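Some structures are shown below for you to check.
Below are two complexes that have subunit A in common, paired first with subunit B and then with subunit C.
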Partner chain A sequence: MDLDAILLQVLNGLDKGSAYALIALGLTLIFGTLGVVNFAHGALFMVGAFCAVSLQKLLTISAITIDETKTDFLGNPLKVKTPYVENWFGEAIGQGIIDWSVPLAILLAIPVMLIIGIVMERGLIKHFYKRPHADQILVTFGLAIVIGEIVKASFGATEIQVPAPEPLSRVTDVGALLGMGDINVTYPTWRLVYFAFAMLVIGVIFAFLRFTTFGMVVRAGMADRETVGLLGIDIDRRFTIMFAIAAVVAGLAGVMYVPIKPPSYELGMQFLVISFVVVVVGGMGSLPGAVSAGFLLGILESFASTNWAKEIIPGIDQIIIYVVAILILLTRPRGLMGRKGVMEE
Partner chain B sequence: MFGLSRKDTLLLIFVAIITFAAPILMNPFPTESSLAQFNAGYPDLMQRFVIFGIFAIGFNILFGLTGYLSFGHAAFLGAGSYACVWMFKLLGYNILPGIILSVIVSAIFALAIGYISLRRSGIYFSILTLAFAQMSFALAYSVLGTDMFGLKGGLTNGETGLQVYNSDPQIFHSDSAPDLPHLFGIPMRTTEVVQYGAWEFQFNVGFYFCAVVMLIAFYLSIRIFRSPFGLMLRAVKTNQNRLNYTGVNTKPYALAAFVISGMYAGLAGGLLSAMDPLAGAERMQWTASGEVVLMTILGGAGTLIGPVLGAGLIKYFENIFSKINEGILKGWFEFLPDTLGDAVVWVLYFFTGSGWHLTLGLMFMLVVIFLPGGLVEGAGRLFGIGRRKKKTPASKTQAAE
Partner chain C sequence: MTFSKTTIGRRGLIKGGAALGVGLAAPTFFDSRSFAAAHSGYLNAPTGKSVTLGFNVPQTGPYADEGADELRAYKLAVKHLNGEGDGGMMNTMMIDGGKSALTGNGVLGKKVEYVTGDTQTKSDAARASAKSMIEKDGAVMITGGSSSGVAIAVQGLCQEAGVIFMAGLTHSNDTTGKDKKANGFRHFFNGYMSGAALAPVLEKMYGKERKAYHLTADYTWGWTQQESIQNATEDKGWETVQNVLTPLATTDFSSYVAPVVNSGADILVLNHYGGNMVNSLTSAVQFGLRDKVVNGHNFEIVVPLYSRLMAQGAGENVKGIFGSTNWHWSLSDEGSKAFVQSFGKEYGFPPSQAAHTCYVQTLLYADACERAGTFNPCGVVEALEGLEFDGMGNGPTLYRAEDHQCFKDVLVVKGKENPDSEFDVLEVVEVTPRAQVEYAPDHPMFAGGDLGECNPGA
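This part shows the complex of A and B:
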């Protein structure tokens, strides 16, 4: 393998790893604050993706006008569909809005996911704090099925394509971007955008927890919930908000992932299992652990799916993540960055 | 009888009677009536009842007794299925070698997975088993399904699923033996159809074979529940720390329970293949693992009869709900005014036909939220209302001691 190929695989790993990292970050936040194992987190990722799909469908709702000057192949007057957006804002701006529907969906996804998160926590998860982990797993597993089926009933079972904005759907010369002329690698721009976006979200979450009073209280609550409660702080309310924030992170990860992988109702389940593995590898309850394990496993997976790796061990691409997880759990049960003594049973 | 207490013997006999009479009990509606679609007395479905009953009984030995929630039991079911079909391919269509091998293979498989997974407990255990099952699924679906070791289609034949071809060796296959799964010459598909007035009952060989196997499995599970070993497993669930402090090594007990339940799953997988000689990777998928968890919880984890009950109910609903289509719904609500009827049909349509999984998910949530002890506990609560008064004096005497 030469340098170009290695760089290409690293890039491949980074965009998948970004999705893993974002979902795992949310899972860890929920586990660290509420102590709940949320099997419905993959479903939240999928709901985010379908926010983008719905917005695109909403924007392309069209008015049908009849153009008398032209005829279609049957000789009838031609029916022209123009989206309402174009009628309202003029053709150029309207086209632009539709073209940028995926990034615009972020604005839709944030309130939607906040509401879903709060409703889910107050309506369901709240009652499961004191129940055994098995019950939490089972009830959120049931919820994941229900969310998946509702999406299936409303959007159908097939994958739905929504393209990235036109200027971002080309390829970028990565060598030029890094200022290294001797590297000849081009890579889809949107995937680079996704990575940058993921880093931004992760940065915002970390800064929020590190530098705000709210974040400080939440961190204190994660360390010792009881003492924070004794100080007269309503920690439950803040944890509910953290749950909603975790839902938003998963949703945003889903929105931006749409152009990379067209979503279907099964998307959530596909990502969920791996995200759990990521959380376990990173260390249950450790935020930096979840993020770094997400990228690490993403990159490992992409290297394992090269022909070079497959020739040595056939099928390694299918199992590498699980093998790594098993090895980590057996040799270092608390995960790469887990704190000593936390969930180490 | 058979080393069981009176109560357990009665339970076993009760289950046996219900099972053997199932072809009649499951067909309460005459063939021509409009309610005939609620009949469940046809061979394919009844076989599923008992086979998944075995699966759930086995799962209950692990989850119900030790409290370890495995999310990857479908892997053993799948492994059993593949093993059985391989015996068909190599030796011939007699089902006994296939079923025996499927139990052995799944036992080895469970021993390996259990040995690693049981080094952790709680959610880690669940995630580990889930990871193993997903790994097995991925392997069976892709890698092991490509041509390897000179085998066309590899060990699992990937997406197509493993099946028997004419070119397979089938060493013990004689010309007199039937060309489909059989037990010493009696084909599993043989069905005796009995007409009785407007009713029609189907007595299927495969079903009765599975039923006998299930009763044996059920009997063994009662014995395990009542044995000192079973008591130990319950102790593991109640307080593992205390056991460790008293110097008991709990690991071998949990591992034994894991392997036993894996063997039950393998047996169920083998039977599935024996009824229909085709094994696909989708049997290993984690939704399948989730289904057996649901069966056990719905019926009542840790109870004897619960898992069988749960398996029957889930498989029944799956079959009936997914058969109801828009036309049938419209037929039912004809008596309503048009708009109202349409609205009701529109709503119900989400839950039936292809929307059956929505009903399944909702059931899952409702049972976990409101009835964590399952149907058995629910029934107990219903009957308990009348009994509660009698119990009060008993507790008083205890307090006096």
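This part shows the complex of A and C:
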């Protein structure tokens, strides 16, 4: 395996790891603050992806004109659809707006996911705080199924394509980007954008928790909820907001992932199990652990899919994540950066 | 007592009544004997005024959209069989050179009713739903499916139970190869036929000196299609650089696509279907493969099995990409036109190839029952084996007796560059004649199975 191939798989791993890290970050935030094991978190990632789909559908709502020169499949005159945004702003600007619907969907996803997060926490999950983890898992897993079925009923079961903006859907010469002329690797530009976006979101969350008073109170609450409450601080309200922020993080991860993988209603479930493995490997309740485990497992999964890895151990690509999880939990039972006492009562 | 000038005595009344009784009973007596012969001695023989068919399609899971289209087609077929609607392909169907026995009066005078099951595209769930329809609902025939794994599993169950299985969308060679069964029939084409139809077109378009890299879904359909395409293209001079099996659950194909870039291949063959196809094609396009020049050739991607529903999911990425398909709504033969009109007026959009094959299978089964004069699976098998039919969208077609596989024209298609509508994503490049895709029943790719004997289940 040459340097180019290794770099290519590292980049692939960072991509996958970005999505795992963002979902696991949200899961850990919710678990650390509210003590809830949220199996609906993958569904939030999927809802975010469908915010991008919805915005694209909204932007392509069309006026219909009849083209008498062509016929449809029934032999009737063809109905030609022209998006209203093209009628209003001209073809070039209208097309440009539609083309940038994925980045624009971030503006839609933030309020939508905030509202969904608050409604979810206040409307359902708060009633399960004092219930066993098994109850929390059952109710949130049920919620994930309900959300999935609603999305399927609304958008169908087949994947929906929402491409990246045209200038970002090409490939980038990574060698030139890194100033290393001897590297001959090109990589999809949008995937590099996704990695950069994930790093930005992770950075913002860490800075928010580290450098704001709100974040300080939340961190204190995560360490000792009771004492913070005794100081007269309404920790429940802050934790509700943290739940909503975790929902936004998952939603944004979903929005930006749409050009990489066309979403279907199953997207959430596809990421859920692996994200839990990431959280466990990183250490329950540890935010840096979740992020580093996300990238680690993403890269390992990527290398396990290569032909030389599969020649050594056939089928390794299907089990690598779980093998690593077992090995880490055997040697470090609390995960890479787990704290003593979390999920140990 | 006097009613009129003619008096009817007690003795006369009894004599007349007896004569009338004998007269009325005679035809009933003869009818019931033939009725007993036609409707007994096999599993779920219908005894009332209706007959029940079981439609086993994916109603949940990743192929739910395709399953929904199959169900639409089945419902339309039932309407037509019961004399409702415009009759669709019943008006164009030709059996052994003559008109079909179907009249719109149900099947064998019995109203057609149906029950549905959800395969979830899982073999165990599909077998459970088929079993339930056979045992609880009394279904005399099971049909449907959008996966070869499921089709083979359900076909085996129907053989054991003793009902007919009319396969829906299943493209693995094994369905009518090593896993063929006497009670099972496939109208849909298979991997071998895709290779035989596609390879000459690919050679014509891309030349002989090509190096192909295969990504293959790791289950029965993927394996047999890959083998078929590899053989067919190597016969044309292509070299196969590598075949990489990808797990069915893969969602991000980037780590499988990335090595293709520096593999020396100048063609990528995606032996993927459904969500796998949408995702792998998206990754391949993202990695800029279609913009590369390798070995002095433009890099090309091939999707051997196309579905219009899946092509819609892949969006712009399918433009210019070659593949094959069983049928397409844009065909201009009378059968296709009748079906598209009928389906389009009923539902507002054109049918998929899955809908087409399911509709045709239902009519063929009904016609076979009519000609056999019974729903007995062994009678149906006899009526379908060696059947030549036409007017159903693929030209003159043979249901070969040796393996219960239909032989008919195959379509080579290409992603359309400038579609007129959301349904207009594929264009037919060539209608490959039936003779070009035929093979011997003992062809090595189909070897190892045994059709066995028909099982009437009782």
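Keep in mind that, in the parts below, the second predicted complex is superposed on the first by the 327 of 345 C-alpha atoms of A that agree within 3 Å, B and C clash if a C-alpha of one lies under 4 Å from a C-alpha of the other, contacts with A are read in each partner's own complex, and residues count from 1 in each chain.
The working rule: contacts are C-beta pairs under 8 Å (C-beta built on N, C-alpha and C of every residue); 3 or more make two chains touch, one makes a residue touch a chain.
No experiment lies behind these values; they were computed from the predicted model shown.
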item: Contacts of A:R191 with subunit B and subunit C, given as first, second, both or neither; value: second
item: Partner chain(s) touched by A:P167 [first = subunit B, second = subunit C, both, neither]; value: neither
item: Touched partner set for A:S305, first subunit B, second subunit C, both or neither; value: second
item: Subunit B versus subunit C as contact partner of A:I260, first or second or both or neither; value: second
item: Which superposed partner A:Q318 touches (first subunit B, second subunit C, both, neither); value: both
item: Subunit B versus subunit C as contact partner of A:G232, first or second or both or neither; value: neither
item: Which superposed partner A:Q270 touches (first subunit B, second subunit C, both, neither); value: second
item: First, second, both or neither for A:E159, with subunit B first and subunit C second; value: second
item: First, second, both or neither for A:G123, with subunit B first and subunit C second; value: neither
item: Intersection of subunit A interface sets (partners subunit B, subunit C); value: 318
item: Parts of subunit A lying in touch with subunit B, wherever the complex brings them together; value: 37, 124, 127, 131-135, 137-139, 141-146, 148-150, 153, 269, 273, 276-277, 280, 284, 314-315, 318-319, 322-323, 325-326, 329-330, 333, 343, 345
item: Residue numbers on subunit A that touch subunit C, as the complex places them; value: 4-5, 8-9, 12-13, 15-16, 70, 72-74, 78, 152, 156-161, 163, 169-171, 184, 186-188, 190-191, 259-262, 264, 266-267, 270, 301-303, 305-307, 310, 317-318
item: List of subunit C residues in touch with subunit A within their complex; value: 60-66, 242, 244, 247, 249, 251-252, 254-256, 258-259, 261-262, 275, 278-279, 282, 286-288, 291, 309-310, 312-317, 329-330, 340-341, 344-345, 349-350, 420-421, 423
item: Contact set on subunit B toward subunit A in their complex; value: 63, 67, 69, 71, 116, 119-124, 126-128, 130-132, 134-135, 138-139, 142-144, 146, 148, 286-287, 290, 293-294, 297, 350, 355, 357-358, 360-365, 368-369, 372
